[in-house]
Each structure stands twice: as C-alpha cells, then as structure tokens.
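The letters A, B, C and D name the chains in turn, as written, and every chain counts its residues from 1.
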Amino acid sequence: MARRIAFMKAINEALDQAMAKDDKVILLGEDIAGGAKVKQLEKENEDAWGGVFGVTKGLMPKYGRKRVIDTPISEMGYMGAAVGAAATGLRPVPELMFNDFIGFSLDTILAQGSKMRYMFGGKARIPMTVRTTHGAGASAAAQHSGSYYGLFGSIPGVKVVVPSNPYDAKGLLLSAIEDDNIVVFSEDKTLYGLKGEVPEDYYKVEIGKAKIKREGKDLTIVTIGKMLYVALDVADQLAKDGIETEVIDLLTVAPWDQETVIESVKKTGRLIVIDEAHPHNNTAKDIAAVVGDKAFDYLDGPIKTVCAPNTPVPFATNLEQLYLPSPKRVLETAAELIDDLKK
Amino acid sequence: MEKLNKERAAWIYKKMNDIRNFENEVHEIFATGSIPGFVHLYAGEEAVAVGVCAHLTDNDYITSTHRGHGHCIAKGCDLNQMMAEIYGKETGLCKGKGGSMHIADIDKGMLGANGMVGGGFPIAIGAGLRNQYLKTKDVAVCFFGDGAANEGTFHESINMASIWKLPVVFVNENNSFGEATPQWYASGSKRIADRGPAYGIPSETVDGKDLMAVYEAAGKAIERARNGEGPTLIECLTYRNYGHFEGDEQKYKASSGDENTFAKRDCIKEFRQYAVDKKLLSAAGANKIEKSSTEDIEHAIKFAEESEVPKPETLYQDVFAD
Amino acid sequence: MARRIAFMKAINEALDQAMAKDDKVILLGEDIAGGAKVKQLEKENEDAWGGVFGVTKGLMPKYGRKRVIDTPISEMGYMGAAVGAAATGLRPVPELMFNDFIGFSLDTILAQGSKMRYMFGGKARIPMTVRTTHGAGASAAAQHSGSYYGLFGSIPGVKVVVPSNPYDAKGLLLSAIEDDNIVVFSEDKTLYGLKGEVPEDYYKVEIGKAKIKREGKDLTIVTIGKMLYVALDVADQLAKDGIETEVIDLLTVAPWDQETVIESVKKTGRLIVIDEAHPHNNTAKDIAAVVGDKAFDYLDGPIKTVCAPNTPVPFATNLEQLYLPSPKRVLETAAELIDDLKK
Amino acid sequence: MEKLNKERAAWIYKKMNDIRNFENEVHEIFATGSIPGFVHLYAGEEAVAVGVCAHLTDNDYITSTHRGHGHCIAKGCDLNQMMAEIYGKETGLCKGKGGSMHIADIDKGMLGANGMVGGGFPIAIGAGLRNQYLKTKDVAVCFFGDGAANEGTFHESINMASIWKLPVVFVNENNSFGEATPQWYASGSKRIADRGPAYGIPSETVDGKDLMAVYEAAGKAIERARNGEGPTLIECLTYRNYGHFEGDEQKYKASSGDENTFAKRDCIKEFRQYAVDKKLLSAAGANKIEKSSTEDIEHAIKFAEESEVPKPETLYQDVFAD
C-alpha cells in the first residue's frame, strides 16, 4: 500500500466508494458541486467548485445532481431535510461547511435526528453522516475556526469522529456512512493537504476505537485530530530525556474509547489530554474526569488537559498560533508531571 | 382527483369522530391528573387533518406538530397504542417514551408530532426528497400552525421544495393563535397563503371548518405533487375548541363577534349534514359510526389504563440503532 | 426578612425592579405577555398569559407593550434582535421559553453575541440576559426537558447562572441584568413553586461565587440547581453514619467558582458532583477534571460525578424519575468513597 | 428626500473610488500572501453601499456581510484602520482580532461585517428596535446578499420589522451568485423583491449598477423609516468584479450574453458621467477625487504594513466587559 494521497482526496474517495456501493447515499450541501443551472457548466457536466475546499470535486459529474445536491444557503433546511430523508430510507451525507454554522442548524441534530429513535420507541433509524470542518490555524477568525466536536459529542444519540490522517479519514468515513445513526465526521481544514498511505479498496476503520500511535510507559498523551502531531513532537522531545510517552489518537470523540485510554493510564500513571476546543465542558475534560474516577488508584500525578484558552479564535496570525495548543505548552505541562516522575 | 364516494365519506366521518372523541376524553382525563405533561388538543380542527389524509396511503408521509393527535388518527395510527402512549405506557406507539408531543408511527408514514414549532418543515422536505429520488408517486404533507409560519424553517423549507419541485404539500392550520398570540399580530401578511408567491408556488386559503373545501384543495395539491408538478401551500382557516394546552384560561379568545361565530361552528356536524344531504351517508349509518367511534375510544382508554408502565431497563434502550 | 415567596415570584420581582430602575431594560419573548392586539385585553390592559409558566405576569400591564414585547415564534429573530439591541445600548432580557429551543437560535449566542466584543477589538458591550428554563421532572419529554446550561457555559464570552432557590434567583437575576455581558439565567421549571425567604428590596447575589450550604469535613458534594436538594438529602442520611458532608451550591456554572470548590476538596479529600445534564462534556466533568488537576494531591479517592444517563429524557413518569440523579444513586456513589473512608 | 447636491456628489464619488481602489489593492496584496484568511471583495457593487449610505449619519446603524469592506467605507470607517485590520495589525479597527470578515466600528454605527450569512438580519432588527424604543429618528440598514435571502433569519427578521413597523431598510445586493450558486437556481422567487408582499412591506427592484437608482430608492425608504412608516425591501441588481473570495476560479460566470454585458458595466464610470453631465461634478474635480482616493489607499497600505502585530497578551483581552 504505497499509494500516498492527501487527506481531502481520501475523503473524496470514501464518498465516491460509498456512493458507488449504495445508491441510497446522497450528498447535500452548499456548493458541494457548485454552478447548478449554469449553462456552460451544464453543457460540460462540470462542477464549479466541488465544495468550498474542493473535497467533493468530481462527484457531481460522476453521480449527477440528483445525488450531489447543491442547496440554498439554508442550513436548518437542508440539515433537517437530511434527517427526514434518513428517517425515510435514504443515507444522506449533508455537509455543514464550517462546524461554526451549527448555530443555524442545531435543532436538526439536538432535538430531531438524535432523539427520533428514542422518542419513537425504537422505530426510527437515522443513517446520516454530517461532514463538517473545524479547527483554527487558517486565519479564518472567530466565526470560522471553532472546534465544536465536543458540543456534538455531548448529545445522546450522536457519534462523533475526528480523523487525524488520510488512512483513518477514509476508513472512518466509510464506517460512518454505513452506520445507522447520526455520525458527525469532523474534518480539520488545516489537514486537507496532509498526505498519507491510503489503500485503494473499500475498507473501514471502527468507530469507537482509539489507536495507540506510539507506545510508552511513563506518560499517556491522548489527542484529538491534528493535536496528534503536537503530541508526537512532544514525545520525541521527551524521549531525549528518556521519558517514554504513549500517544493515543482518540479518533472517535463520542463515544470515546474508555478502555484504551484507561489501560494506558493504568500503565503510565500520568495523563495529558490535548484538545483544541474551548476549554470548558469539552472532550478533554470528559476524559480527564472519567480517568479521575475509573483509574484514580493508578494515577501518579494530577490529570492534565491542554486546550485552547477561554477566548474566541483571534484573527491575527501570531495570536492564532498562540491560541492553539503547542508543543511548548504541552512540554511545560509534561514537565509538571515529570518532575514528579524524576523524584 | 377522485370524487368523494360513500366508502370514503364513511371513513372520513369515522376519523372525524374518532379525533373529537379522543380529544374530548383526553381533556377529561387530563383534568383528573392521570395524563402527565403537556397536551395540546386538536378538537375543532378535524376537517383539516381528515380532509387532507383522506387522500393519503400508508406510503405517503406526513409531518405533524405539538398538536398532533388529529394527524395521527387521520393517518391511521392505532387508537389503543396512541392512548397508551399519552398515558406513558409500555404498550404505547412509542413504548411510552415519546408522549403526546412525540407520538409517531413511521410504519404508517407518520413522522412524528413535534415538540419544536417549525421542526416538521425540513423533515417533510427530506421525505419529499426521498419520494422524488426513489421515483415513487408518494407525497409528503407538512402540517403546521399559523405561529409556525413565522419560524425560519418555514421559509427555508418551502423555498427548497419550490426549487426542487418536491412532492410536498404544506398544509397550514390557521387557528388564529399561536399560544396566546393572534396571527393578526404576529404575521406581517394578512394571510399565510399570501406567502406562496414569495416562493413561486401555488397557494390558496380555504375554509378549514368545511371538510369538503379542505378535501378538494388537498386533493388537487396532492395530485399535482404526485404528478411531479411540485409543492402547494394550503391555508385552512380553523379554530381550536380548547385552549392552547390543557390548563389555558383562553382569555385571548373572543366571546362574541365574527371570531366567536366562527369558533362555534362544528365541522363534524357540518360534514354530517353535507354527507347526508348528498346521500353519501345515511342518518342511520352516521349514527352507527358515531357509536362505534365512542366505543373505540372507550376501548382505547381501557387499553391504556390496563397497560403497564415501561420497564426500567427501557430507559437505556433505543438511543442508538445497531 | 420573614417574607416567603415562590421561586417564580422572585424572578418576577427581580424583573420588575430591574425595569423600574433602568428604562433600558426591555423584555422579549413568546407570550411573555400574551394576547397582543386582542381587543378585550387591550381594553383592560391585561396580559393573557405572562409567560407560559406565568413568570412575567403583570409586567406588561405595568410597563407596557413597548417594554414587554411579545414576539412571533422566531427564536433566531428575537434572540438576535436582543443582541442587536444590546450592542446599540439597550439592556434586553429575552426569554427562551425552553432551553431546548436553543437549536433554533444558537447562532445569536455562539457566533454573534458572545464573540462581538472580542472580534470588534473591545468596542462592543452586550448587556443581555437570556432567561430560559431547563430540567426534567415535568413529564415534558425529550424536547422540553433538557439541561443545556453546560452547553451555554462552554462558549467563551457567556456567563451562566442556575439558581436553586428564590433568594438567589432574585439576586442573581438582578446581577445578570446589570452585567454588561451575555448571561444565561437558567430556571428549573420544576422549582417554580418552591418558596423561600426573599427580601423586598433590590439586592444582588454575586455571579461567579458558589455557596456552601452545609459544612462538612469528610466529603464534598457540588450541585447545580435543584440537585442541591438531592445533596442535602444525601448529607442528612450520611450524617446518621457520622459522615460530615460539605454541600456546595454552584449557582454560577460559567465561570464556576474554582476557589470554593477546590478549598472544600482540600479539606474533605472526596468529591461528588451532581449535574442533571447529559453525562458527557458537561459542567460536572469540567469540575471533576479541574479538581483532578489542581487538587490532586489532596484527593483521598476517585472523583465522582452523578449525572443523567446518556439518553434523551423519556416521557413516562417512572422512567423520568429514574433518569434524574436521585439520592439513591448519589448514596451508592458516596458508598464507594466512604468504604474507603472507613478503612 | 434631498435632491443630490454637489457636495454629496463629491462625497459619493470619493467613496466609490475608495472602495474600488481599496479592493483592487487588497486583491493584489492577497495574491502576494501578505493578507491571511478569507477575503471577499466588494469591487463592482460600489453603487449599492454608497448610494444607500449617502443618506445616513453616524447615528444610523448598518449591518453588513462577509463582503463588508464596501459598507465599512461607505459608512465612514477609517481607511487606515480598516486596512490594518485586514492585515491583522494592532492598529486595526478591531485591534487585529477580527479581520476582513469581522471588521466593525460601532462608533460609526457599523455593527460589523459578519462571517455568518444571514447573521446580520436579527441584529438590524435589534438596532431598529432600539431606534424606535428611544424615539430617535435613526434608521438601521441591513445589507444582505441574494444567497442570504434563503436563510431563515431573513424571514423571521423581515416579519418582525413589519409587525413592529421598525425603522429598518433591507438592502439586498443581488449579484446573481451566492458563492458559486446562481440566484436563479437557489431562489423559488424570480426576484428577491417578490418576497416583500409576504410580509406586507413595500419592495422594489432597482438597477444596482446605477448609483442614482439606488440613491433614490434608498432615500425614499429611509425617509419612510425615519417617519415611522416602517420597513422597506430594496433589491439592487449588481455583480461582483472578482470571485466569491480570493482564489475563486469563477467558472460559473458567463463569458458572453446578458450576464456578461451586465458584468462589464462600471458603476463608477457611469456615475462620473452622470454627475459631470448634470454639473454635479466637474471633470477636473472628478480627477482630483480619483487622485486623492488613490493616495488615501496607498497611505492606508503603508499604515497597515508599518503597524505592529498585536501583543501576545491581547489574546486574552476583551472576552468579557467588566
């Protein structure tokens, strides 16, 4: 499996393969094709954009506008339509261009899609995958840079995955689309260009399972999405001091993999969770709390989280870089734990 | 559109009576405290749900509202299970976990009452999209109130239905009030149907107390939808017999004048009269239907009361499908 | 101060006094008066409802429809209008009838009101108090029983308060309305009838300060809203076994009072947080995580949270009672800690 | 409404040139990589922002969009601080923390560009409510795109403005596209102005490339608003010179035909011609304005480039007011 493709290409390929396999799969979103009813494009069967980042490029020409549906700018409308289509037998994959737009469409997930099965006494199935983007680092400022996977993850009935690399992106997306529940598939827009090995065939990565990306016995670092790379950097640096860090890529934010995390902490006795979300009521804190309950007796030091500060995302590049959890901040945090370790 | 025949007239008369009896009984029982939560009664508006659903099969979808019992009954949901649901019993349509505001039966094409005003619009769009995509002739009917017409979902959804020519019929139940707020205060347009042109779709206002007016307007609209001609907006002027929910003092209702005259009209009596006049129903046949309806509702109450509450472990079930 | 009034009356009184004091204070919401443009009511200057629970009853007759504004059913519209009015100098108090309706209006808080000041380089002030209701126990089922104060509290720039009794309700609401930021004031609808002593004068309870409702040295229980009464019940029962429980009523959920909580845990070494919100990414977990970091060395046992199960709120009364954190569940949790204590 | 006089004509011509020059320069600079993030340029649509804001004072409010530079300039925001903001500098209008999509100046009545399509509608309602409540004669103008007209906030907000007769003017900038999606696909109504009657408010469509057409329509609407006669909806047909944002290939634009003919019109040249013909501007005066505009923008760039980036500690500031 030597083929290396970009994160966004892996997502495109997963969508392509899911659509090829199951004609119940349809895509909806703003400009996921682009140029609907534009004469020169209709003639050439071309999409104008293929999504604002080009992730869905080529799918409309291949599957047509009945399956790759450009919507008006009506997030509540088309996200809710996806819920309705899912409840009645299709397998829609709506795209919420930026997860920040959830303010315009939360009800469809919070009160409708996620609760239908329960409220209806088990009769409904809502096989719907919401593709969305999150993350700071693109100078997109306060309203286009948030990381709200934790907010989605707080809603019962919703699964949330956050891939960190092309391989997992493809496999998780295929799992998500096959899943009979609402799955929010949250893509870090700053990872789109990242390349990695991706098999050409249809394969799945299991939802709900974290991956140990590096083994170690002294310290566990759990990461979400691109925070993985911060942790790997930190682990390299700590290795120079003889500290062996175990790095866990969470992959699924809801329901997150308690077993893998807790087993690791039982071994290392020390935990840092890195999450670029706003610092309160987020996934990092959830993990820290569960570990502080279920693995308390194995802990050799305080449970640490490294998150964004409690501010909106600033525009200026220098501030935005400061905003994001950095190796420097994680190293400082690790130092607090490791002092202890050296004693 | 088919002309109303005897069989259908009997069906209509039965459903109208079922709704009225169901709601009147729930009204009484609620007052005794046996039914928990919020209950919004449909009595008075029967002509709308029944006039529309008379054209639908189990393959067609509807989305409903917080005031959903009438739509449920008209769409063919089981009366026993409905009543049990409102009581919160394990034999309920939703195993007691939904209640009055979330009563639903997807197998019957009933996509749920909805506790969220305006929550049904986008769901109806989704059902319409599905019907169109699968090249069925099925339609989706979206029932909504005059108050709901001021939610953004109304706008987004009707616009989408229009541009995609979806087989969706928007049926507005304009009962003059959203809770205690009159439509003439809350709406910038005099009529809800005035909004159709904003989306380039046909729209009309009909007398929602007149079963036949609703039946005919709905019939045309549903036929258009089945033929791929796109959505329609029908505004049905109606009135509810009870308050917004049980417990409402209804100080905002007029005690005389046009509003009150309208309020006093009984769509069931009017339909009976019409059907008997047109020889669609015999007086004896109508009486028989009335009686069987009363019995059915009595039976439903008995069924509900004798049913068990849900087992504790069901609290944790049906969050996810596997 | 012998006067005892109901929780809802205390809120009504706070609104009344705030409006009397500052004519920039206006109220907006669905049927907060009711009956706008209804002839017989206009004639009598009467409100039809005064809110769906009657909390704002009488304010329209006193202050008129220019200040007590019935809105169409347009949550995004009037909540956003409140943001606009606040940014331009008024002090609006919109009511979101049930906090579950946030799905229809989240943007106004998430992306607009909470971020304006920051995005605008400090130029804006958004003195707006969102009154809303939360909580299970009223058989209002899945879409009208949620507890989303933790979701609001995860948004930088938003303060969130959850009073447990009439006295704090009045004082916190007056503080909220005077505050120059968005404050979500979340009322448990099942507490409306609860009576307590409330001074007649205008007084404030400080936002950001928790209150110790019972002192103890063995175990800390932190509560939000009506969970206080669960904790007090538990404390009574534990007292019979000689266990002294410290009970802290959080009152402000964001920013919550770290000092009071941590000081208490330093003393007791044991913590249970009770929060009726959905179990993941909530305030209870946030508190547990912070304590697991900052007070780790003082802990004598695992950090516990007692929350709702990860399900929507069920309708049937028996299930709903099981859904809510109960003294029984808290006692079982306490038992785990106390076994340890007894050793 | 005042007839256009020489002074105002000069002001208009200067603002139009400022916007065009500002945007053309940002376009160039963005290509070099000195400006980060998403940038949406207003060039081509100057007649709308300027034609409307020509009637406003600092006490009036506007809400803007992601394509906000034009509104900012027309409303009187400082060019230096604007450019510095787009560069992310501490001297920026928002101290570098907002950027192009959040540029704002409340002191000038500019309530912010808005990264959320449709985000401005309710805020304009709030400003209108404030103006009415405080018994001022001030208005609030809500600029919005053709794409934004499909958001639910459009519907909810215009309805509220109508029922409360708020002093709000809704100015639609119909540039035919929302990103890469044509209005003729996304909208169920042919014209955005077709939606006015749904709210019982006056509405009209004007040639948005014609400064005078916008000026006159806006003048009437703003006068109505100031006189307490309520809201108006004005649709201005226009076109953007650049792509949706910088980096857009614009494959969806027509390269010939009516659309292209319209696209090629230059509202600034047209206004110059008109003003000179009507002796509102002399040719020499117009040239002088053009020159001073070029200089002002050059200065703004210099100001921005020489300014410092924000200090690290500002990351944590201005989250809460105290």
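Operating definition for what follows: a contact is a pair of C-beta atoms (placed from the backbone, for glycine too) under 8 Å apart; a residue touches a chain by one contact, two chains touch by 3 or more.
Per UniProt, the chains are A, C = Pyruvate dehydrogenase E1 component beta subunit.
Because the structure is a prediction, the values reported are computed rather than measured.
Strictly by the touch rule at the top, which chains does chain A share as contacts with chain D?
B, C
Using the touch definition from the top, list the chains contacting both chain B and chain D.
Shared contacts of chain B and chain D: A, C.
Provide the C-alpha centroid distance between chain B and chain C, rounded to the nearest whole angstrom.
So the centre of chain B lies 36 Å away from the centre of chain C.
With chain centres defined as C-alpha means, what is the inter-centre distance between chain C and chain D in Å?
Here chain C and chain D have centroids separated by 40 Å.
Report the inter-chain centroid distance for chain A and chain C in whole angstrom, where each centroid is the mean of the CA atoms.
Roughly 31 Å, centre to centre.
By residue number and range, which residues of chain D touch two or more other chains?
Those would be 94, 96-98, 102, 114-116, 150-153, 156, 159, 163, 185-187, 319.
Please output the residue numbers of chain C that touch at least 2 other chains, ranges allowed.
In chain C, 71-72, 74, 76-77, 100-101, 103-104, 107-108, 111, 118-119, 141-143, 156-157, 310-312, 314-315 touch at least two other chains.
Pick one for the touching-chains graph, please: line, ring, star, complete, other.
Topology of the interface graph: complete, with all chain pairs in contact.
Could you pull out which chain C residues touch chain D in their complex?
26, 66, 71-72, 74, 76-90, 92, 107-108, 111-112, 116-127, 156-157, 159, 180-181
Note which residues of chain D are touching chain A in the complex, please.
36-38, 88-90, 94, 96-99, 101-102, 114-118, 147-148, 150-153, 178-182, 184-187, 249, 251-252, 254-255, 309-310, 312, 314-316, 319
What residues of chain C sit close enough to touch chain A in their complex?
For this pair, the touching residues of chain C are 76, 100-104, 106-111, 114-115, 118-119, 141-143, 150-151, 153-157, 254-255, 278, 280-286, 288-294, 296-297, 299, 301-305, 310-312, 314-315.
Which residues, counting only chain D, touch chain C once they are in their complex?
Within the complex, chain D contacts chain C at residues 61, 63, 92-98, 102, 104-107, 111-112, 114-116, 119, 121-131, 133-134, 140, 152-153, 156-157, 159-160, 163, 317-322.
Give every residue of chain D touching chain B within the complex, in rising order.
Interface residues on the chain D side: 150-156, 158-159, 161-163, 185-190, 194-195, 197-201.
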